[in-house]
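Two complexes come next, and they have one chain in common, chain A, joined by chain B in the first and chain C in the second.
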Partner chain A sequence: MATVNDISKSVRRVDAVSKCEGKAKYLPDIDFRDCLWARMIRSSVPRGKIIKVNLPDLPSGYCFVDYRDIPEGGHNYLHMIATDWKCFAEDEVRYVGETIGLLVGPDRTVLADLIDRVSVDYEEQIPAVTIDEGLACKGGAFVNGNNIHCHLKIETGENADEVFKRCAKIVEETVETGFQEHIYLETNGACCCPEGDGYVIYASAQCPFYIRKSIAPLLNISPEKITVRQTVTGGAFGGKEHFPDVLCGPLLVAAHKTGKCVKMVFDREEDIENSVKRHPSKVVFKTGLDKEGNILVMDSKVYYNVGGYLSSSFVVLQRGCFHVAGCYSFPSFRSEGFGVATNTFPSCAFRGFGAPQTLFAVETHMCHLAQMQGLDPLEFKSRYFIKQGDTTSTNGKVVEKVMIPQMLEQVLKASDYRRKVKEYKIGSGRGIGISFYNHGGAFTGNGEQSLIKAHCRLHKYPDGHVEILCGQTEMGQGFHTILPKIAAHVLEIPIEKVVFEDPDTSRVPDSGPTAASRSTMIVGDLVEKAAKLMKDRYSKESEFEIETEYEHPEGYPWNQDTFQGYAYLGYGWGVCAVEVEVDPCTAEVAVKGVWSSHDGGHPVDELIVHGQVNGGVLQGIGWASTEVMENTDGHFRQTSMSDYIVPTSMDCPRQGVDLVDNPYEWGPFGAKGLGELVFNGSGAAYIDALSRAIGKKINAIPVPTEKVMEYILHGKKLGEAD
Partner chain B sequence: MEEVRAYIPETLKEALEIRSRTDCIPLAGGSDLMVSNKRTTGVAPSFDKPVLIIRNLKELKEISVNGKGECVIGAGCTSAEIAQSSVVPWHLRQAASRMGAVALRNSATIAGNIANASPKGDTPGPLYLLDARVRLTSLAGEREVLVSDFIVKFKTIDLHPDELITAVVVPLSERNFDYIFWHKVGTRKANAISKLTLSQAIKFDGRIVSDYRLSATATGAKTNRSREVEKLIIGKEITPALIEQVIDAFDEVISPRAMPEFRREATRRMIRRFLSVASERPENRVIDTFDGFHVTGQPEPVF
Partner chain C sequence: MNVKLEFTLNGKNVTVSTDPLRRLIDVLREDFGCTGVKEGCSEGECGACSILLNGKMVTSCLIPVGAADGQDIVTIEGLSETEKGKLIIQAFADGGAVQCGFCIPGMVVAAYSILCENPDPTEDEIRLGISGNICRCTGYDLIVDSIRLAAERGGSIWKK
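Then we have the complex of A and B:
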């Protein structure tokens, strides 16, 4: 696809050498002078009242930090969209792992000895752990009198109840998905140092400006008094979007109390047991068909397991409901979302941010609707593909050209789908499946303008170097390469002349979070615009700055109160086929092929795009297959990388990766969001393939080997009604 | 803060002397002990006894064949070394080559894998199957015990306080059998702990089974092998009814706690597969769970 002067042509990643040589300094590598270490004391019960925290005698230089150390005027909460998540538990605990306090001192071994001797007395209460238990208010409701943290309803077309009255057939089906742990390579860690009349936070994090805003109320200081410096970040996947606040808040209070740098680094088990996860979900469909089997109406109730605190989950739930129609357009559509309070660790951002759950659900439901009628899922799904100008789930229109037909052709050709579907009989042990998915790029609606107002600066230095100043972070996805490449390409200077460092909030403007597939699409565009403004002056002026600000295109209204209008101006689109073989003795599933095509607009760097596709697709297969994270009593049962099973490169053959070139009007060089899109569909394709191979209907993920055997022995036949 | 006392002997003799006078924990690869005794990031592991580091003892690093044709594997040989050795019997090579990840295989030793006495351990399955013995050495002398007796029960071994495991002696190789089978169902394709592993081997005298062996890991508190079950088929001609008899009898032997249905069903299917294919006397000596769909052409429904 790339021509010589095309920006798509790959360059060597800017961060490649320092990371491969081990020279990159991650938080644990940084030596902070006179630094104290912190260990968290956390709730060991899912629900209860704290009666007493029993501490051993603390040696000199060691102290305990809890909510009582928040100074007068400070607020004991973390601002993560909502403000209900406490920095320190006071009298009640709502989940296992809730922060009660920090033990702080100079020696980590002494701290480890002390931690072993801390105990907490609770008056335990009956927890609600699953979505069903939360809805049933097991143990009594603890949020809003009904355990519903948040709720929304959207509908398009004719009223669903009216349409149901004239349907020939109504199909009801429930699809469920489980927890998913991020397993970023680098665990969470942060350090807070008093400096001048403020504080400096060093953190492995996605969103430095979020941290500042979230924790400043603890000391009742302005966010500007806190400087956040991102340290080299070894992966995040959404797990370091809001979650670093949970470390940085208590560390800020500890630094305030001790007047010293306080550092905390989680080990792997600690990180898995005590960090946010992807929301488990349950989607209940009610779909009305006419007598020819065509869909007249699709109604859904979307339940997300939010956990003990709301924090960012309402936005996740919204995205879930907005994506539950998938890549389809139905005459009538309705969806109602419920964020359910449970006594589990609060769920939070994870690549896809609520979209993967409902996309998996609708893809699976569509397959089953087809198979009930003896149709190939592909033929059935094709009838409903959404097109440019069609109405979206929020009564906006699809603005861009939808290239699903072209992408489908690429995938069909690469995978040889049509031949294989004929050849691999249902239940033959071999199967191929296919899925369609999208992802609305950037913040919903006009959020980019009303909530973020992203700014970005380019600074030209006398020696010809240009520095990009913005809050965007590199976390392994390639952004340290993408932004400089955009600037260099516009300015027609070598990429080596463009400097882009890990952000320091005291010297860069707030360009919004590195999340929501927005960085290339939104901030990349600000850099492109700034570079264009700089270009004429570049050789004439020795040193100057250009600042750009995000402006939402006119004519695409959005109402955040009613969830009506243009939710997203640019969607990424995807088609993915997966082929599997199932071992007839052991039920082991071997992935024999994966072929995908994605529309991320015009790619800014093909190799980085390929990296995103390969990783996202495999992560999606892991979510659907091996990544079992159980929680039935409030405790996560999988606590290490040997029992929480993420796939390795051995679990998937070389992927067939296709892209389409569909330049996005408002993106840099035509690029739009991609990072989450690539996760959103491979799970559904995998399950489609697996269910065909074993001839059984699968309604819930993950499906590890033992579960495959269970379906083989007891599952409902594919095509049978529930 | 407690310090860890460690001994690093230079010879086996020195190690045995330390062992005879000190209550200590032998540590070779460390891939189990350093994990089970770890504390947290930046804090040294804690051991409740002194540690005897025998990782570098040359006397424990050799793989050879003795006068009786038995394979003698030094206790300190790593999984990687075992997997790459042409004199190591097939079942054991398979198990060693699929243990953990590369870094672990370069560190973990066979003695450690036995001494850990985990029901999910990779090497005990083949070692039980092949009647392998551990050689236990002290200043007083040497004794050899069947691995299946040495592992007494879950996480418990028959090692005297003054002894070290110095070698593993494997008397049988694939040459003793007409057909062999080893299949590990891991948690994933690589870097995986066993969910279930079956080792099988069979020898015929004409149409009569002259030897049959079967062992299963991750199916109870320790690796399972039952000579009683094997005797059901030895001396007889394989029939479908006899296969089912063996399957049912072995099902009584195993006692998986987690995922019992999966482990029982997959065990049944793998025994059925091996015995029925072996009874047809195919050319290929290695029998696996299935031949791959490409071999059979148009696949029939199997589920």
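Then we have the complex of A and C:
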């Protein structure tokens, strides 16, 4: 696709060699001289009152830090969109792993011994763990009198209740998804150092500006008193969006108390047991059909397991509801979302941010609606593809050209789908499935304009170098290369002349979080604009700066109170086919092929995009298949990489990757969001393929081998009603 | 109880007086500053801490340092100085193998192991060879391609 002067032509990633050589310094690799170490003391019960924390005698130089160390005027909460998540538990705990305090001291071995001798006395209460238990207020409601943290309702077209009255058939179905653990290869870690009259935080994190905003109220200081420096970050996937605040808050209080640098790095078991996960979900559909089997109305209730505290989950739930219509347009549509309080570790961001759950649900439901009528899912889904100008789930319009038909053709051809669908009989042990998905790029609605107001600066130095100053982080997705490439391309200078360092909040403007697939689309555009403004002056002036600010295009209104209007200006789109073969004796599933086509606008770097597609698609297959994360009685059951199984190089053959070129009007060189999109559909395609291969209806993920066996032995036949 | 241990680290003779039950990864990182050896899982599952012990790939989180006494150890710091190491690293950089990079030093060690045993590996052989190294970012395809690229570029040097 790329021509010589095309920005899509790949360049070598600027961070590749230092990472290969082991020279890149991640948080655990940095020697903070004379720092103290911290270990977290956490709740071991899912719900209860704290009666007493029993500490061993602490040697000299060791101390315990808890909520009582927050100075007068400080607030014991972490600001993570909502402000309900406490930095330190005081008298009650709502989940296993809730922070009670820190043990701080100079020697890690001593700390490890001390932490084993801490005990906490509780008055235990009955926990609610699942969505259903939360809704039933098991043990008594603990949030809002009904355990509903948050709620929204959206509808389009004719009133759903009226339409149901004239439907020939109404189909009700529930689709569920489980917890997913991020397994960023580098676990969470941070260090807080007193410096001058403020503090410097070093963290493996996605959003440095989020951290200082979140934790400054603890000491009742202005966020500017805290400088956050991102360290090289070994993967994040949303797991380091808000969660680093949960480390940095207590570390700030500990640094305040001790006057020393305090460092904390989780080991893997600690990280898996005590970190945020993808929200488990339950989507209950009620779909009305006419007598020919056409959809007249699709109604859904979307339940997300939020856990003990709301934090960012209302935004996740909104995105879930906005995506529950998938890539389809129905005459009447309604969705109601409920964020359910439970006594599990609070759920938070994970690649897709609420969209994957509902997209999986609608794709699966659409397959079942087709199979119930003896139709091929592809033929049935094709009837409802949304197009440019169609109404979205929030009564906005689809602004861009939707290239699903072209992408579908590519995937059908690459996968030889039509032949295989005919050849692989239902229940024959082989199956191929296909899914359609999208992802609204950047913050919802007017969030970019009213909440973030991103700023970005370019600084030209006398020696000809240009520095990009913004808060965007490299966490593996390629942003250290993407932004310099955009600037270099506009300025027509070598990429080596563009400097872009890990952000330090004291010297870069706030360009918003590295999240929501917004970095290339929004901040990349600010860099492109700044570089264009710089270009004429570049050779004439020795040293100067250009600053750009996000401006929302006119004519695309959004009402955040009613959730009406243009939720997203640009969607990424995807089509994915997966082929599987099931061993009839062992029920083991082998992925035989994966083919996808994605529209992320015009790619800024083909190889980087290719890597995003490969990684996202495989992570989605993991979510649907092997990545089992159970929670019983409030405790996660999988706590290591031996029992939480992420895909290896043997679990999927080489993927067929196709990218369509669909330049986005407001993105840099026509690029739009892509990083989350690529996760959103492979799980549904995998399950479609698997259910055809075994001839059984699958309504919940993940489906590890033992579950495949259960479905084979006891599952409902494909096409059977619930 | 501390014991004096001697071994070769990246071509140099070194000695250390330490508890022989400390994990090799900790000694390499803390006592010798080899922070390219990454700790991903602490149980030999992820391969991020892979090193070469007498030329064989092992996970250094599972080995007590006492077992290194008298042995030859090469970490990514040493490997990246060699002709073969450099060749792999250049291929990884050109082939798009690197994203977050945390698994990558271990992956480079795995690539070296594969190519030393089999200078012309097939895709399946490469996939098997890196199956003990978990990468959460790339989906592995571009790592596989990069190892193939290193095989092609290196040609006869892998037979030495």
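Note that in this section the second predicted complex is superposed on the first by the 722 of 722 C-alpha atoms of A that agree within 3 Å, B and C clash if a C-alpha of one lies under 4 Å from a C-alpha of the other, contacts with A are read in each partner's own complex, and residues count from 1 in each chain.
Convention: a residue touches a chain if its C-beta (ideal position, glycine included) is under 8 Å from a C-beta of that chain, and two chains touch if they have at least 3 such contacts.
Nothing here was measured: the structure is a model prediction, and the numbers come from that model.
In the superposition on chain A, A:233 makes contact with chain C only, not with chain B. Contact with chain B, but none with chain C, is seen for A:587 once the two complexes are overlaid on the shared chain. Applying the stated contact rule after C-alpha superposition, one finds that A:709 touches chain B and leaves chain C untouched.
By the touch criterion defined above, A:648 lies against chain B and chain C together after alignment on the C-alpha atoms of chain A.
When the shared chain is aligned, chain B and chain C each come close enough to touch A:267.
Contacts of A:66 after superposition: neither chain B nor chain C is touched.
When the two structures are aligned on the shared chain, A:28 is found in touch with chain B and with chain C. Shared contact residues of chain A, touching chain B in one structure and chain C in the other: 28, 187, 267, 642, 647-648, 650.
Those residues of chain A whose C-beta lies close enough to touch chain B in the complex are 28, 37, 39, 107-110, 112-113, 187, 265-267, 270, 423-430, 581-588, 590, 626, 642-643, 645, 647-648, 650-651, 693-696, 704-706, 709-710, 712-713. Those residues of chain B that touch chain A in the shared complex are 1, 39-44, 183, 185, 187-193, 195-196, 259, 261-263, 265-266, 269-270, 273, 289-290, 292-293, 298-303.
Residues 29, 34-43, 45-46, 48, 75-77, 80, 88-90, 92-94, 96-105, 108, 123, 126-128, 130-144 of chain C are the ones touching chain A in the complex.
Of all residues in chain A, those touching chain C in their complex are 10, 12-13, 15-17, 19-26, 28-29, 182-187, 232-237, 267-269, 475-478, 607-608, 610-611, 613-619, 640-642, 646-650, 652, 654-655.
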